[in-house]
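First up is the structure itself, then whatever we jot down about it.
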Amino acid sequence: MTEVLLAAENIHKSFGAVTAAKDVNVSMPKGAVWSLIGSNGAGKTTFVNMVTGYIKPDQGRIMFGGQDITSFSPREVTKAGIRRSFQIPQLCGEMNVLENMLISLSINGDTPPSFWAHAKKKQNVEQAMAVLEQFRIADHRNRLIGELSAGVRKLLDIAMAMTGNPKVMMLDEPTSGVAAEEKYPIMDLVIETLKAAKVTIIFVEHDMDIVTRYSERVLAFYNGQIIADDAPDQLLADPEVKRYVTGTSS
Amino acid sequence: MDLIAVILVDGLIYGAWLFIVSVGLTLVFGVLNILNMAHGSIYAMGAYATATAVGAYFAMGGEAFPMGSYAAMIAATLIVAIVVGPILEIFLLRHFYGRDEVVLVLVTYGLFLILEDVMKLIWGVDPLFVYQPYDLLGVVEFGSLYYVTYDFLVIGISTSVGLLVWYILNKTKQGKVVLAVIHDREMSQSMGVNVNKIFVISFTAGVFLAALGGALTAPMISVSPGISVNVIILAFAVVIIGGLGSIEGAAIGAVFVGISRAASVHLLPEAELFIIYLVMAGVLVFRPEGLFQKTQARKI
Amino acid sequence: MIFLRSIWGSALLALIILILCGLALPEWAVFLVTISLSKGLVALGLVALMRGGLVSFGQGLYFCVGAYAAGFMANWFGITDVFLLTFIGVLLSGAMGAIFGPLLATYRGIFFAMLSLSLSMILYGVLSKMSVIGGTDGLNIAAPTFLGYEPEGWELGISLYLFTCVATVLAGAIMRIFFDSQRGLISLAIRDNELRVEYLGASVRKVISINYIFAAVLGGVGGVISGLAIGHVDPEYSYWTTSGEFVFVAILSGHLSIAAVFISSIVLEVVRSFSNLYFPNTWQLSLGVFLLIVIFVLPKGLGSLKILNRNADAADKQDTKETP
């Protein structure tokens, strides 16, 4: 009996006349790899934003490991163990890859960040390099963010979110903007690394190949509601999904 | 009862003055997103230019037609605006657009420092007096007190200026284009609006209003170095209280600050100097976007 | 050589240089450097805030608090020991910083600048009207003593100068360590991408509050020393133009080098003094032009020049080699 780790109950959210979420119910077990699909404006990113505390639902609640996290701020959600990556990678543009990683580790290290220990102490750098190596971006350590390809930026974004042993990772369009030939290698690496760390994964995607290849279960959003909830192959064959999401004719 | 009337009249007089002095600042912020720390210096330039113009007028035989000194004041203001406005916008400020709004504040702070000395170099450090326009209209009795009529002229001009600016912005085609730029610069640009032209015109208008404030004030004070320093923070206070970028806000803010100060002067003199900044801080803490929300306060 | 390149090594070297200069320079120059260094401390606090992306236009508040605290303690309670006065200044400004910091930490950009400015102007207004403490005339402050030693004349000047040098070098070293630390790096990250830092799990508000308290304490210490050096304090210490001068120094120096802050402060004082002497009514003009040039050409301040940024470069290169 797999325990429910993350649950959204009867979530409603509107922005004025726009319904971003209506009767959204999700019940995600530990260790699962799920994906969210839907056209732009269907409510997928709103859902991620609500789970991670960036916006608050009008009604309903979000439960994580039995705790009500609906009112948590993004920082509190992070501390509770849910992390996210961003559609447009949110990195510190004035600094290089290594510094970005060091920042992440200082905040989520075993001890609170120090007032005097040098940020680039040997120990800290080694720890940062280990994570960078895990995500195969260690070679870029001294490069500024502006010099990186989209794929490397995405990997760094995810690597930074991974610090501190999260329990859940929400990836917002992990392969968007990434060159076609890099998509599979990046997803292989990310999913493999996250699974090895026993992280429960939700990713938002537009690319159906990625969805089919990596997720066990798919939630299809349309107009703020979940219109289908099934294994990838079955879901993509569903006529409603075809009509409202993938746009393929039956 | 009498005291309340006195406070109201004093407050309105002061508030009217504050409005003229501050409206240019809020206009420039609204259109160009620049909080112009040199606004006070331009006010001072208006005062100095007026002192020179009126002095020259009377030196050239203006006693025959004293009312003409008012025309001299307006002429001085226009000259300052037309000369200083475009030069500053085109040759200085334009090079810093696209940078953080705080960087622009610092640029205008540098400008303030420069203009302070430029004025000393042009006009010297000795105070200038041009009392004639102030005395010209005599006094008027109000209640049991005598007020200088000129003060009510300031109220009149202030109200007219406010209505005129409001009318131009909201009722004329050109004004609506400016409002569009205030609202969304990029969108306006992509719709074909010559934003550069709007910028230089709006900035010059702001300069004109600041100089006008100085011009109107010159007959009431001794025009000397350092008058700008006090005015700029008063203008900041009014503009923050009313909401950055809002003309109506500047009007309400000015009246509010004017009456607060008048009340303080008559009831609690110790508070006179800090009451304005206390209100400013209070507004920033409780309602940072000011009384009329035009810009979203950058608050996390 | 490694010791010299370390923070404490550099600090010691700086102290030695400053002491030698003090003994060699004429009395007016010693006074000028004392003032420059004490004002530099306030600017250093501003730099701490700027590293988090904020510019305060109200550091005069703490500068004023420190000086008036010294004035009160000396004149009303007879406490003239410079160490004790500095300690009191630290406590008082630190306490105020701890109160105002969390409030101000929720503001950004122009609003932060304006709120900090209005707080300092409130103090200006309050002090100007309190005739019991001198009103706009302010207070004269009794000469400081040094653990019992009561110097006069040149000896007083040089004693205060030496105290200032030690305070400066100590503050500089502490801030350098703090800037290079993990918390210092997080400040820079906040300046860059605040949202990301919050999402990583750090409280941005807390980081900024801490930076603000450092700035307040440095402001207070600068105020105590300036007040003692000049022998006088008045509400102008809290006027916005005083705060503006600290901003000028911080912008001129940038946040990359500690030495740059104090050099910039000395530049300001030298320009002010010499310009008043030879080209009256031009010192603000020079500063204004300086400022515009720096903003345009050297947006990261003088500290970004290689010669002053040597330490930052060295620290980068030795990131896997040495623990400073």
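Note that the chains are named A, B and C in the order they appear, and that numbering of residues resets to 1 at the start of each chain.
The rule is simple: a residue touches a chain if its C-beta (ideal position, glycine included) is under 8 Å from a C-beta of that chain, and two chains touch if they have at least 3 such contacts.
These numbers were taken from a predicted model, which means no experiment stands behind them.
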- Which touching groups survive when chain C is ignored? A | B
- Counting only C-alpha atoms to place each centre, which chain is farthest from chain C? A
- Pick the chain whose C-alpha centre of mass, unweighted, sits closest to the average of all protein C-alpha coordinates shown. C
- Task: Skim through the chains and flag the pair connected by the most C-beta pairs in contact.
- Result: B-C
- chain B to chain C: how many Å between their CA centres? 33
- Message: Measuring centre to centre with CA averages, how many angstrom lie between chain A and chain C?
- Response: 43
- Between the Cα centroids of chain A and chain B the separation in whole angstrom comes to 51
- Residue ranges of chain A touching at least 2 other chains are none
- chain C: positions in contact with at least two other chains: none
- Listed in rising order, the residues of chain C that touch chain B in the complex are 55, 103, 106-111, 113-115, 117-119, 121-126, 128-130, 194, 204-205, 240-241, 244, 247-248, 251, 281-285, 287-292, 295-296
- Interfacial residue positions of chain C with respect to chain A in the complex: 177-178, 180-186, 188-189, 191-193, 195-203, 315-316, 319-324
- Considering the complex alone, what residue numbers of chain A touch chain C? 52, 73-75, 78-79, 84, 90-95, 98-100, 102-104, 106-108, 113-122, 124-126, 160-161, 163-164
- Query: For chain B, which residues are in contact with chain C within the complex?
  - Reply: 35, 92, 95-96, 100-103, 105-107, 109-118, 120-121, 125, 229, 233, 236-237, 240, 244, 269-278, 280-281, 284-285, 288, 297-300
